[in-house]
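In structure tokens below, several structures.
What follows is a pair of complexes built around chain A, which joins chain B in one and chain C in the other.
And then the complex of A and B:
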């Protein structure tokens, strides 16, 4: 069913980078839930996979002011991590909404991002949180803001020879609140019709001091809702103002029609769920 | 072993352990659930090579010989199955849940088990069985 390929196991990060450099056409195997499925379906026929699953240095979660999640950390580990829960409960619960527990136990945080499926849950949440992807290659290390990591459907700015090493999530500003909401009109384990990651900080005078909103499943990449953000920043946040601002997202998204709804329906729901997300963040 | 061998095929075809079922083949239905180092995974999306050196538990390894576990007995007494095709995956998933959390809250049971589909719509019986097994270990 799967076309034959060569499997090479990397024993260290340095070895993985060497292998990648010597064969830019090779694909990187982490948990495999997405990659193996694409191969089973014949959508991808790599001649060589570099298995990085055993690299301990890419695994685990630590704090140094910022939260740092190793690329090979599974979603289940991230969801249950006391560090993640303390740093940002909304991020922990976002990891907990990915597919099912089996997929979360197998699929990795880094693999999910590198796969760049626009219907996935963590990308919009991480964009809203201002997270950064740390990429490593033989030439060194570079940091890419999460929203610049995603270029198109299944396409990232991870270059040839580069490996996603970890993600860095800065702490929420004092008084800021975050949430992730997912509209699932069909079944609990489905992809979202639309999802919204949002961070809102309202100052003591009731004005919006800062806001970041990103949506999933309504465009080829996570969609940063800049019009919504501009309409709120500095303004007094009333339910009416929130609603008015949220509806601007309908002009920013670019959904496609599928079994989860027509493009027009998803556009409408993007407005509704952006409003719900922001309203949940009001003090 | 060829690199493209899936764990589910290795178990069923090479080792003859046909208790692990293949349902959807795309990671959705949960019929192929096995435990790798005590964690439930989708064996139809895992290359057998990825499991090298790790401990694999299938439905065949859940009971102690002919002695069923409390969970397996609860699936019988609570009517937790009809046709049975999803049952190995259900029991393997629920076994992992109860090993991690002896007395899971209702929401935890539902969240954990939602990746195991039952087309006979036996979900209430399955939930009763997991609850009963948790209570039995009190």
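And then the complex of A and C:
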């Protein structure tokens, strides 16, 4: 049962920010897919919810060289958006793998990031793409690289009084390719055992000009696979080299044991799925 | 849920023991602990605030030193605390052992066995374990700072 609370509908972004500032204990309601579950479980008993669902400023997908996705965009809208598909097909398909279609139609891109569940799909993909979160408060606006947004399980660097306004995804460099893969050994709508977002650019000579790899579900936050990246950058990318580099990820992840497998198993799978992701990106 | 922490502290064992055997003083080194009041007979009352993402736990309860060996420099504590607003409780035993590594350094070991009951448990053991682990690690780091200053 949900404990009684006051629901305040913010009519504008400015009003939402004022409400947030005046009541730091209030929680923000967007799609509600995570928040309402926590309230039903009795883990959250907010006295006040600020409903930001009506804020036009946080809606919509735009292009101005970068792709800008408003925080209130649902996963379904992002998945089906022609702009997102053109800008980065892998990102569109990543949004299309979040949970189930009912949740995708309700949950928002911004809410998902602010919830900071380490098993979610968009965070590792957005980290690999070098995306940036735009945060807004009464004091102004600041931009946080996606990998610095996540601090711990369910914890972000979004400060008191701040709202996630939009995310900015820079274009892929010429010749770069991106992918998102996840390992679902149980059911299609389960959390991933491990997931990998990767971007790879191979030059005309067959060398790795740039690479970014980030993993989900294998640490308290998305894990940027820097050792894998530096083992590849500047090197000729052969299947053998990819495999060798991918296996380095096992030393970078910090998985927990749960119903999806032991920590050791997930560590191995992180290597296997990093290799698969990178291999899919070879020209 | 069992946790086992060991560390070496840059301070003589006598000084580290003096801090940890003073429960209200040691309590100040635990992140999130409010004032610890003595109840007599080596029992104390205190509060612990833990934030896990959007979820805040306000635990209030008692600490009892169940054994204390000044010569071996070991002690055992029992903690029993509840969050009445959310509905849940934490019961834990902690065993603490200090050994002299060198005349100016001390090895500390803290073994914790905690049970998380009620609604708090819905957060899941892995998340609770990570948080508990961090609290004990910070306690040891704060203790090392205080003992060596």
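Following the convention adopted for this analysis, the second predicted complex is superposed on the first by the 283 of 283 C-alpha atoms of A that agree within 3 Å, B and C clash if a C-alpha of one lies under 4 Å from a C-alpha of the other, contacts with A are read in each partner's own complex, and residues count from 1 in each chain.
FYI, a residue touches a chain if its C-beta (ideal position, glycine included) is under 8 Å from a C-beta of that chain, and two chains touch if they have at least 3 such contacts.
Computed from a predicted model, the values in this text were never measured in an experiment.
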Of chain B and chain C, which one touches more residues of chain A? B
Quick one: classify A:251 as touching chain B (first), chain C (second), both or neither. neither
Quick one: classify A:153 as touching chain B (first), chain C (second), both or neither. second
One more residue to check, A:53. First (chain B), second (chain C), both or neither? first
Look at A:4 in the shared chain and tell me whether it touches chain B only, chain C only, both, or neither; answer first, second, both or neither. first
Determine, under the contact definition given at the top, whether A:106 touches first (chain B), second (chain C), both, or neither. first
With both complexes overlaid on chain A, does A:38 touch chain B (first), chain C (second), both or neither? second
First (chain B), second (chain C), both or neither: which does A:143 touch? neither
Does chain B (first) or chain C (second) touch A:220, or do both, or does neither? second
Chain A residues where the chain B and chain C footprints coincide 41
What residues on chain C touch chain A, complex-wise? 52-55, 85-87, 119-120, 122-124, 126-127, 129-130
Residue positions on chain B within touch of chain A in the complex are 2-4, 6, 25-28, 30, 33, 39-42, 45-47, 49-50, 93, 111-112, 114-115
Chain A residues within the chain B interface of the complex: 1-7, 9, 29, 32-33, 36-37, 39-41, 49, 51, 53, 76, 96, 99-103, 105-106, 188-189
The residues of chain A that touch chain C in their complex are 27, 35, 38, 41-45, 115-116, 152-155, 220, 256-258
